[in-house]
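In what follows, chain A forms one complex with chain B and a second complex with chain C.
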Partner chain A sequence: MLLPLLPAATLLLAPACAVFSDEAWNVDYHFALLGAPKEETSFFHRPNPSSKASLIYTLSEEHALGAVNPRDGSLVWRQLLASGGDSHNTSFLRAGEGQDVVISGIGSEVAAWSAADGRLVWNVHTDGPLEDVEILELSDGKETVGAKDAVALSGGEHPMVQRIDGASGAVKWQYSIDGSDAPYQLSASSTEVFAILIHKTILGYVKLRVVALDPVTGLKTDEYMLSSENELATADNIISVGANSASPIIAWTDAAHTTLKVNVVGTKSISSFSIEKHDENAIERVKLHAPYHINSLAHFLVHYETATSHWAEVYHIDLKNSKVEKAYSLPRVAGRGAFSTSTADANVYFTRVTRDELSTVSSASHGLLGRWSLSSFGVAGGVGEVIEPVHAVSEVSVKGDTVSAIRTTVLLSTGDWVLLRDGKAIWTRPEMLASTVAVTFAMPADMVTLAQQLEVEAHGNPVAAYIHRVQRHITDLQKLPSFLVLMPKKIVQGFLGTSADDAAGSDIFGFRQIIACATRSGRLVALDAGHPDRTLWNRDVTDLKPGQSWRPSLSSTKDGVIQVSSVAGTGVDYNATDGQQLAGDLPVIPDEPDLSTSRAVRYTMRGNSLEATYDWSPSWTFTPTHGERILNLVPRPVDDPVASIGKVLGDRRVLYKYLDSNIALLATAHDASSKANFYVLNTISGAILYSNTHPNIDLTAPIPTIMSENWFAYSFTSEASPDTTKGHHLVIGELFESLLPDHRGAMGASSNYSVLHTPASDPFTLTQTYQLPEPISRLAVTRTRQGITSRQLLAVLPASNALVGIPYGVVDPRRPVGRDATKDEQAEGLMRYAPVLELDPKWYLNHQREVVGIKEVVTAPALIESTSLVFAYGLDVFGTRLSPSFSFDVLGRDFNKFQMLATVAALAVATFVVTPLVMRKQVDQRWRFL
Partner chain B sequence: MLVLKSLTVLAGTSLASAANLTVSIPSSPPLLPNPASLAPSTHAVLIGPPGVQYEAPIRRDNTFTFPDLAEASYLLTVHSRDYFFPPLRVDVTKAADGTQQETVQAWQTFRGNEWSNKGPFYGSGNGELRTQIQPSSQKNFYQDRGGFNIIDFVKSPMILMALVSVAFIFGMPYIMDNMDPEMKEEFDDMQKKGPLSGSSGAAAQLQNFDIAGWLAGKGSSTEQGAGDIGKKR
Partner chain C sequence: MKAYTVISILLTFLCSLSAALETEHTVDILAWPLSAPKGATLAKITYNSTAATVKSYTQPKIPSDDDIVRIGYYHPSGSWSGIATAASNFAPEKSKILLLHLNSDGELYHVGFRASDYGSSSAASHTKDGLSVELVKVRPGPTPHLNKPVVVNADGTVPSKEPEKTFLQKYWYFIAGFLVLQVVMSSGKGE
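Showing the complex of A and B:
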């Protein structure tokens, strides 16, 4: 039983590099995001039927299911649903009236989640991919009290309709759909369940086939084909099938959007309406908004959209004869608009959000119940961009003839998700950041000017430099009045402990860098690392067609400028501070992906071999053995300063690091034998400097790799055999010129050499493996300006939703094995090797928070040497500042101003008290002597 | 209970022989008195042979359910935001009696040890195993800074020394005053005889060193002059 003590022993060692309680929540920032919410899967719902407070539920495009508190926009709970590698991006989220669960459907899994705390209630797997999920809002006496049943329509080879018990998740009945028709949607009225299928005719048109089922027994009661004639060319022209309303409807238009056909599901009659043209532009989209409650009025709204304007028409259904009639229309308004439906008892209200107005009408008449003008949505956009609503969800409470309170969440064209309460923006969630695909840090331009001016002075002749400097100081004098005005405030702030970096305006430490994020939707969003709560600017940089993707790469070529380039296209420059475009147009060119680019050596994947070209001529080719495939290649970062060429040992001798800017770590996998191979390559000559093979590897698990300075690290998951261990491993290797202290190895005497001409001097590599309690999906390393500060290994832990900073000293491969560290080794900070590396929660950079879905971590040096800026993105966005060797060049939060002032004051008091005593004594002594 | 039943039914329809594993988190005071307080992101991962991995989120009744387990040896890890849980080894094997059902067994396992090194037995079952797992410790994320503490400050030896000397400087005269005359005389004598104090003390000699006299070859002539240097008053 001594064995469990080993990890405990490692925990006790090295308290270095932890998250301090006074820095947590202050230096770090985190956006717990969901991704862009989808219109059909977002709604207000009461998690607890007995309370009045409701939450906003959404299942986003990133497959994140979550509940958001409408009061402050904070996340109540969140579950990342596995999409199961689906090809068609369909997901469903439903909540029954008065239910304490929400039911999600994604891939082939239907799951019920506790609405209040997000825990799983039940889940059911269907055979085929889900096509629709609905909640049966009927009381047939057979369902369990309190829980409403769900109906699921699944496709695949054996399409079927299943009724799932709302309390237990048991399947009550299932109905297999015969024929080759593709399942499309489900619809339920109070007495029947309708499965709507798409039937392809010989002529290439589609027809709708409706199968009516008895909700109690699951037996077919009726089946018919809707005579849609030849106007329905594709399923894309079907607008919507209303769910759970008193009379579910199905509507479609012809390809040119000239007529609208509406059918009340369950009847065969089709009402036809011609669509009026309101302007010269063709109608691009037709959307249908219908209430989702069974006892609400059978009214619905049709929303027409052209490129420049939108309008809507409201229709009523006569339940007795199933006739559809147009009631009134809402006028045309320029720009895009969003409509949302909300219900109160039986009444239905439609809320309209346009660029500058929010209005609510009742479905019964066109009189406005409430109207608020929107001055702004409170979000940052691009220069001259008009921010438009994309879709909205509302919760309305009506007293008499006016709206007493209205809460509307709107997804904007900028990607922000905003809550408007009575027309005022209460909170915004930057959901566009959840689809960030590339990130770069950039210095703001105003910081840069000073650096440039100092540069001019440093390189000019002394007289000119002196004149330049005097001029600079004179211009600086203009800022004196404002500086003097701010002075008292600054002093008070300093006194109250609000530290220097919080003071607005100046950023002498380089903490307030601009982080530019390129999102999948083709936008560029800039954040301020010092004040991350507000977006600096957010602009559209590409013209992506729907479904088109881009692979942008961002860089800050010079300070104050952000360059965006897409794969092989030339870059476009943007001003980092305000997002103004500087020059060029961005073409989106799909191209062969480059694995990586570093200075002059370019790598290309040709088939299964890696080809390196140097100065446009092939330099070397790495072809793995048969059956082996290349996983990834990580070169040493281009900008990777190293301050010391050696490691100082405890006895003041030096081990020389093998420092070569042209080394890279290549990982390959051999699937047949489940082996993973790792090679350290010289990227100029192609020589293999080090290689290692690990058998019994789970190749489906992530294998992250990293290379920095003279060391590399990788992680993998290994399979068990009786005499080995099963679990996750981290391997760290360090390259030295020689393992003898004070010895530079074969290349020691020569001052310059070429890897191409002289025989290679292989480095001596020390490696060590540590077992981890959980997998690592991504590795990164901190970067500082000069490389004096020790480095910290950053690892993304997907299982714990954490980003952990592992101090290098803890994983140092030079830790002595099988013996205690000697005095000299202890002086160096090495301790006895332990095979298990327990990841101390104090290393969690995110501490108590959960950082979900991190795909990539980027680091950048601050202006001061001790600090590295960290920014992690994926789904969530998380950023912090790290001082791996503690803040040795800046007064941190551990500096207690009050204590310092108190000490000074105490000394002053002591001096005042003691002075007369000492004086008297001296005088006394004088008298005695004389 | 209903949940499990339904899952068994489902599993029965999809796979002829399949093993189920249910792991529940009981109330375990003082560490975790109420398992309902666990974050909804709490989940359990079963890692089997390469490519086989199951994940189960926590349910309303504080359990993790894994239906349809294939025959293999699994590593079960429970990940929670606030607590550490011990890793378990779960083996799903063919039943010895040759029936359809499979045997599910669970032990604690230790990281960094060979896989055959099994810890305490967590139970076994035919076709189904229900077991409990308790958190081993709570996660503590924050490092407290050694802040200013007046007691620690006073306790430090430097400050103690300074305080003692201050006490002597201020306290000594009063002690001298309050001593009875005999004691005082005794004390004065003692001080005079001391090697550093008194007129013949080393300190006095050094201070009043008569270089001219010394050069002139004079002996100890410092007797006259400052007679009571060493005296405090």
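Showing the complex of A and C:
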């Protein structure tokens, strides 16, 4: 009896579950990124010495320290390290063999982190900036079984070497380096610690000074100068100073890369090798790869690179007489390559990654232990771009004479970080997105073409439009076969799928826009907002020198086109769908200035003042008073549609908004009196429409500002004062034409006026302040196609690594203060003012994920009115789509077409079955005795 | 004691008076047509933190092909601050208002300009040849409207509420009215 009820019960349960599983993990996406890993600070390491599982550790160029699971590429933990703001930009990450901590060094801080969960174990600050950090691997048997100690070399005014206790972080000894030589690196053998210093000779050359220290007492045992003669012009020519090996070495070349000199640290003899030229191209780079373990064989590999090819040579060190000998060489291969060193017991293996091959050799002989061809790295590149490896880290396990398993993580020239297992790409991490500097949304071109064609038909004469339409349909016929093939699938999906599934490829809602990200390394990366896990294309658009940075601005001037413009260059257009450069579409500046542009008022920030030009001659100027500096200027967005010119009150009267497309919010700071001033400017005439000043502001805290529609918002952190409370404040100001309902102020309803001829009377501004539980570092606002949907204020909360969407109604400055809302106000959605704005957990767009390091949030309208696309970047990349007024024009995911059709069918059947019964019953009723 | 108070009040008054006189500033407002190489003085204005007067006004000479005029002034540091307005606004029949934006220290930081066809009655005393001047002080920024704190007694206890009125105290007039009504009714019946 109960059995038939069971399916019915499950049917009832299914919708109940749908209430809880909302769209949280479907419409939004998040990449927890680290930034491009550095070669010298990336390695495989076992967080738990007793288990064999290892993690990949890296300290990236964005100063993010983290552990990545090699199985699926997920982030295990991460810590953002402050670089201390110095331009030095050197960072170190070391892990001792069999240790459960990793030790990082950045700026002037040495810190130990638990390898398994990333918790801080200890940290030590040095006096000067760190030059090197090493882990002391002593083999004299005297060391304790526990944590291994670290040695740190710091520069600055008093350079010194410090030995730091691995368990507590206490400094065991320190040795101050005398003389004016600049500290360069540390090197540790099993018996001694060497500090390598750079000594500048009178002739301008550099020489290497080596100070040998006793690791137990920290006393100097020896000191000597290496006779590098005149070939070492700068410290850049030092290739490597090996550390933690049986015999650490120093290697350098001359400036022209013709000879390689190698010195085993601790000896004074220098072995010299001439570098053979393999092709006509000059050698650009020489790298040295040596094992990092004290018990490993004393072998190393030298990697030569020219513009077109690379090769390598393997050298052996005879430990008895400290002689260096060349053992074998690896052949020249076109393109760039990456070598990595891995050890197993005493054996050393070198793994080579080239464009199309992965191979492993033992350091002892040149026979290949394993070789895999790489068909692709599984990442998107530019059109015709050859993706090349930049650097690699490997973990090799060898059984007998063959490699039984190999895992290699490779940083590619596209910026992706890829793990190859036995030659197959297992996962990729788009680490290039961590250095995103500019972003724009663009509609895909194929969506646009149809819209354009329809436009042509709408505006042409009827006959031409008809011919055009027939032609369009004929071309569409070519797609018929593929359409027919897809038909059954589409029908099944139409019945069984939910309405929000857009797997069919069509994008009628405009959710699948292309997000173009410009990275600091000069690449342009395109993501699909609908399928963000897939990079559409990724191409190099600039020719940046190392260390050079660019500040591009991206825009989508017309649909399907992305325009990149640098500070001093004209814009270059790219096709949004495939990244092709549209050479023919380069903007050409017309000889005759266009009337529409030349009449425009343009303004720019020059020095510490705003200067505007009208007709190319200077117009208004805003110069802050002495001691006041401009923090930022946000104009109202160019594309900011507003559906209603007024706010309808509860009694059906209207408050008219002050809508002017030429207004901007300017924030300035007066450091001496710690005041912040905010001005609303008219950007045509330069007049001030509204201004206010806040005293006792913490000017070191971020002061984000935003302007949209007829309102502005800003946030700051104020110190305690008699006037206000200490804390984080969010101020909202709304501009109205008049505060009297149904009154349009002095300008009336005149549709045409110029602020220059008849300056409109100032707007009436309502402001309100809310106290926030935490600071806001960035403000943004949602945008929809026609501006009918209410807006949400997006705020980045750096303290909780979150992004919140605050509905505008909650911070409305018209909320009644000190009394409950009247009926009319309630009808409008206003509620009683509360001084503290509690951030509702439902507003957190990131849900329980930690979105770290967000610097900027961009929004774009979707094709349907209810929805706005949001994309946040900085370190992490986070995107979602928002419906501030709920999804009123699209069915939700939980709408089940099949269920609805089944219900209709069941009702039809039931009607059909029941009709005769009812008929008979009615007839029977008639025949009953009345 | 009393004399002391009087003297102190007098002194304070004098001090404030002198302070008010001291903060009197003079500024030259320039009108600068776009094509002109440099600006010409439009008005000399003296102002303090509460009032401003036009000392002199010169009708600007604007070339006929210029339709935009900049109005501004030079900061003490020598940098220019100004706005743009239409040249037609300087027509003699228009009434013109010059706005001086003052910051919280009473310092001038920006100017504004307004012209209207219909005569404006405001600040007529400051008018000179159709130019009047208004001061716009920067507003203090909004602060949160905090809830009223609970005031406690000296010993830290919350003050007890006033004792509520009894039923009789609250509604005695109803009872009185009822009684009066009864009396009136009964007297009426008696007749």
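Observations on the structure shown:
Note that in this section the second predicted complex is superposed on the first by the 806 of 930 C-alpha atoms of A that agree within 3 Å, B and C clash if a C-alpha of one lies under 4 Å from a C-alpha of the other, contacts with A are read in each partner's own complex, and residues count from 1 in each chain.
Please note the rule applied: a residue touches a chain if its C-beta (ideal position, glycine included) is under 8 Å from a C-beta of that chain, and two chains touch if they have at least 3 such contacts.
It should be emphasised that the depicted structure is a prediction, and the values quoted were computed from it without experimental measurement.
In the superposed pair of complexes, A:Ser685 makes contact with chain C only, with no contact to chain B. By the document's definition of touching, both partners, chain B and chain C, reach A:Thr725.
Applying the stated contact rule after C-alpha superposition, one finds that A:Glu850 touches chain B and leaves chain C untouched. In the superposition on chain A, A:Arg285 contacts neither chain B nor chain C.
Of the two partner chains, chain B and chain C are each touched by A:Pro835. Using the contact criterion defined above for the overlaid structures, shared-chain residue A:Lys675 touches chain C, although it does not reach chain B.
Once the two complexes are laid over each other on the shared chain, residue contacts for A:His626 go to chain C alone; chain B is not touched. By the touch criterion defined above, A:His531 lies against neither chain B nor chain C after alignment on the C-alpha atoms of chain A. After overlaying the two complexes on the shared chain, residue contacts for A:Val121 are found with chain B alone; chain C is out of touch.
Of the two partners chain B and chain C, more residues of chain A are touched by B.
723-725, 771, 835-836 are the residues of chain A that lie in the contact sets of both chain B and chain C, per the superposition on chain A.
Contacts from chain C toward chain A in the complex involve residues 34-35, 68, 70, 72, 75-77, 79-86, 88-89, 101, 103-104, 107, 109-110, 112-116, 136, 138-147. Across the interface of their complex, chain A is touched by residues 2-3, 5-7, 9-10, 14, 39-41, 43, 45, 47, 49-51, 53, 55-60, 73, 75, 77, 79, 81, 87, 109-117, 139-145, 147-148, 226, 228 of chain B.
The residues of chain A lying in touch with chain C in their complex are 601, 609, 612, 614-615, 617-626, 675-678, 684-688, 691-695, 723-725, 729, 731, 754, 756-759, 761, 767-771, 817-818, 833, 835-836.
For chain A in complex with chain B, the touching residues are 3-4, 6-7, 15, 18-22, 24, 77-79, 82, 114, 117-122, 124-125, 165, 167-171, 674, 696-701, 717, 719-727, 771, 773-774, 799-801, 834-836, 841-842, 844, 847-848, 850, 852, 893-894, 896, 899, 928-929.
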